[in-house]
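Below you'll find the structure I mean.
Labels for the chains are A, B and C, by order of writing; each one numbers its residues from 1.
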Amino acid sequence: MEVFVVSLLNGLVYGMLLFMLASGLTLILSMMGVLNFAHASAYMLGAYFAYTVSLYVGFWPALIIAPLLCGLIGAGLEMYGLRQVHRHGHIPELLFTFGVALIIEKVVQMTWGLIPVPYRIPSGLDFPLFTIYGTQFPAYRAFMLLISALMFVAIWLGLTRTRIGLIIQAALTHPDMVGALGHNVPRVFTMVFAAGTALAGLAGVIGGNYRVTEPGMAFSMGPIVFVVVVFGGLGSLTGCFIASIMMGLIQTFAVVLDYSFADLLEVFGVIVTKATPGAEFLLVSLPRIGALLPFILLVLILVLRPRGLMGTRDT
Amino acid sequence: MSDQGKAGAAIQLTNVRKSFGRTEIIRDVNLTIPRGQRHAIIGPNGAGKTTLFNLISGRFPLTSGSITVNGRDIAGLAPQQINHLGLSRSFQITSIFPRMSVFENIRCGLLWSRDYRYSFWRLLGSQRALNEAADQLLERLNLHNRRNRPAGLLSYAEQRALEIGITIAGGADVILLDEPTAGMSHSETDYAQQLIRSISDGKTLLMVEHDMGVVFGLADIITVLVYGEVIASDTPANIRANRAVQAAYLGEEAA
Amino acid sequence: MSPLALLRRHWVWLAILFVMLAMPFAFYDWSRGRHSGFALTLMSEMALMAVFALSYNMLMGQAGLLSFGHAILFGIGAYFTAHTLNWIKASDILWIPTELIPLAGGVGGVVCGIIAGYVATQQRATAFAMITLGLGELMTAAALMFITFFGGEGGITTDRVIGSSIFGVAYTSAWQVYCLLVVWSLIAAILMHLQTQTPLGRIANATRDNYERTQFVGYDPRVVRYWQFILSGFFAGIAGGLYTLVYEIVTFDTLAAVKSANGLLAAYIGGAGGFFGPVLGAVVVVGLQSGISLYTSAWLLYLGILFIVMVLYAPGGLIGVIGQHAPIARMGRMRELLMPYARALPPAVITTAGFVTLIELATHRTIGAAQGKKLALLGIPMDSADMMPWVVAVGLAVAGTLWLRVEARRFRLRWNALIEDAKALGIVS
């Protein structure tokens, strides 16, 4: 029972972190049709910027400055890069973001080195909030939940209550029509791209010290975020939210539940030994498959239900 | 029309309805186009003419009703399967293979009908009959001097001619042309009209057009579509005199 | 066609054959009578990458399909070949001539292509790319899990010397293996070239140009792409089989995303539009990888920058850039570009020098210094802790960029004028 509750909480935290990343990507992909390979790179930059800034002025200013820097970079990329490639089609756009991701990873390695940097949880938040079933639940995780929840509310309010938000909502599902109606779609695009990138940066700020901050984090986090976006479906932030939480829970529980197919078969009285044909498959435990699960889901979703959970458009 | 006449129809639309969401675009259209007829559909913009084409060629699914092509119900068929029934269409917005040469464009149109299928063991360079047929069609389209140009570099009218060429290359006996003369100058339109007449000889032609000169010059029967409904379907002379059609689309003749 | 005419038509292939066989002799150690191991390895890598990139371009350039998981076809081919060699060694009855072993790779690639292709071609464009990405990650993760076929982290080792050559060659020396590699690479490339001129090849182009139109000339674009995927898997698998013969060990990095990315970079940088682009791209990418990496650890960054520059300004790749000169060459006015190029060269060199210095300084500061390396560019020793080199580098970069913009503008004017003249003469690119 305790494992369940603790895993549930951890899964929620991870899921909300994923949502912060995936929401920006969903917005960008839905509106502009661009699969932004560099999105996870913004996550990485957010963590690294926060690390450096907090070395000088502390964590709390970093919480604001790092995402801002990421947003500026995003705006620059969109205005001087994406817009140029846009007329060549979707594939060059994809390739451009892919190249940017490569370069950012290298630049990060060059600037901060190859080994993980000691980006730590600020001492002000480094205490156990409560104890549940004998395990301590750190206050920082509650803080992460708080920030991501605030973000969700802010996005929701921004999209539904402001004029620009309504335009963005419309452009999510009918980008061409919005342009035809006379709105400055390029400016909206730049804004959304910058906002999405800033959001990813913010995720990096709070996630970087929760997990490890190292140059490979973009390429390890990236594919999982893609899975969430596809799973949730295009044009729907609610779908993205559900998918994020689901993915967070799945990945967290998979690590904890040390079972395999062989164990399942044992319930039915079938014993699997090393000599059994296919033993290799049957004996693989869930934690080890954990790395595979998101991609199996990705492939299944794209083949069976390309709209994802709640998508309004096909990818 | 007798049942036997219906069965022999090239295209048969029965109680066809099409809605996008809550908006009904095509409302209960019934139409029979017998083999060998040259049939034009006219009507104001937004009447649903291109939607009708898209339904017949399998681009959109029907909301209700049925469509048969050469006697076969096309419900659930993919566009290429409908093509195999003998129907081919052109597009309002030119739809060719821009990076391939003009010759290659036509040749692609010929491949399936000549049973090449997905062969990766035959070299096209040595297929004499195929290449000759493609060249002959290019002559007919008056595009032979553009043979090796990338299709995307052709002039607009040349691309429209190529579009028609690709449409008929496969030897379809039911030809759908969606605004073939759109955007053409007077002389280009005259040429296109002649071309269309020659390629539809002995075949069934269904055409959407705005140029009344072309319509009245080519069509055996004209159907008038307004707000997704057929308000008249008759010979050109009768359509011209039809009051409802004049009110909705053609306008009164100048006194 | 007379033999001479045939030779003239296909001079490119003969030239490539000649270069591939002759180049290693430029590095030949005449005193000791043997080939340079480095040269052979480098050229082998280029040949392998060329075949891999050509097979990749069957999808990207020919069919308009962007794949991020192409390496799995290569890797499965490599593993398959390794197991085949090991079976032959262990069995008394199984006999396959060494010369035909790469076909085993081809078979592996086809099997993988049938399965992966069926899944991937269900979707188009971005969704296709994501499925291939997912499949690539899946396969890489699976490789570490299922030891029997993949051998875990250590991989599968094998021995190419199975004594079954039909020409009586032992394949014990690097040169013999290299020759086999050259022959097979050419065969694979020629076959892929022929394939572009088949009905399937042309219709694959059609699906790239206009998916819907392909339907309306009677083809199912998904089936077309599925076939193209399988064939591309065959050739990628052959490249994998050749890899196994050369290195005699296969590990999971033959499946990894990095390998797929390399193929993508090679095909794109070289030029995806024509046929030979990927070959040129492979030479460039491997050259940078193996050559520049000896001097700097930032070679991947240079590759990335080159890639981005191509995406932004030269989507046709290097071949495309060269090809754009064709109308001017046909007019016989190439020498009018001599001056503009010459004028643009100095600022280009200065800008490059500035940025390269900056990158090298930064790399040295964080990575190199920790590894105890000393930094020396063009023989000038530099200390990355000093201010001076940084200031100089920034100055060069900024000044060079400004000057380059001026010259680039002038170049553009001259270029546009020449192209206009070409158009007026009816010469089209």
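By our rule, a residue touches a chain if its C-beta (ideal position, glycine included) is under 8 Å from a C-beta of that chain, and two chains touch if they have at least 3 such contacts.
Treat the numbers as computed from the prediction; the structure is a model and nothing was measured.
Judged by the touch criterion defined above, the protein chains link up one after another in an open path, with no loop closing it. Each chain gets a centre from the mean of its Cα atoms; the one farthest from the centre of chain B is A. Put simply, the C-alpha centre of chain A and that of chain C have 32 angstrom between them. Chain A and chain B have CA centres that are 48 Å apart. Chain B and chain C have Cα centroids separated by 44 Å. Counting partner chains per residue, chain B has no residue touching two or more of them. Those residues of chain C that touch chain A in the complex are listed here as 60, 64, 66, 119, 122-123, 125-127, 129-131, 133-135, 137-138, 141-142, 145-148, 257, 261, 264, 268, 298, 300-301, 303-305, 307-308, 311-312, 315, 359, 362-363, 366-367, 370.
Residues 29, 33, 35, 81, 84-85, 88, 90-92, 94-96, 98-100, 102-103, 106-107, 109-114, 219, 223, 226-227, 230, 280-281, 284, 288-289, 291-292, 295-296, 298-299, 302-303, 306, 314-315 of chain A touch chain C in their complex.
Those residues of chain C whose C-beta lies close enough to touch chain B in the complex are 194-195, 197-203, 205-206, 208-210, 212-220, 223-224, 227, 231, 273, 428. By the touch criterion stated above, chain B contacts chain C in their complex at residues 57, 59, 78-80, 83-84, 88-89, 91, 95-100, 104, 107-109, 111-113, 116-125, 149, 153, 166-167, 169-170.
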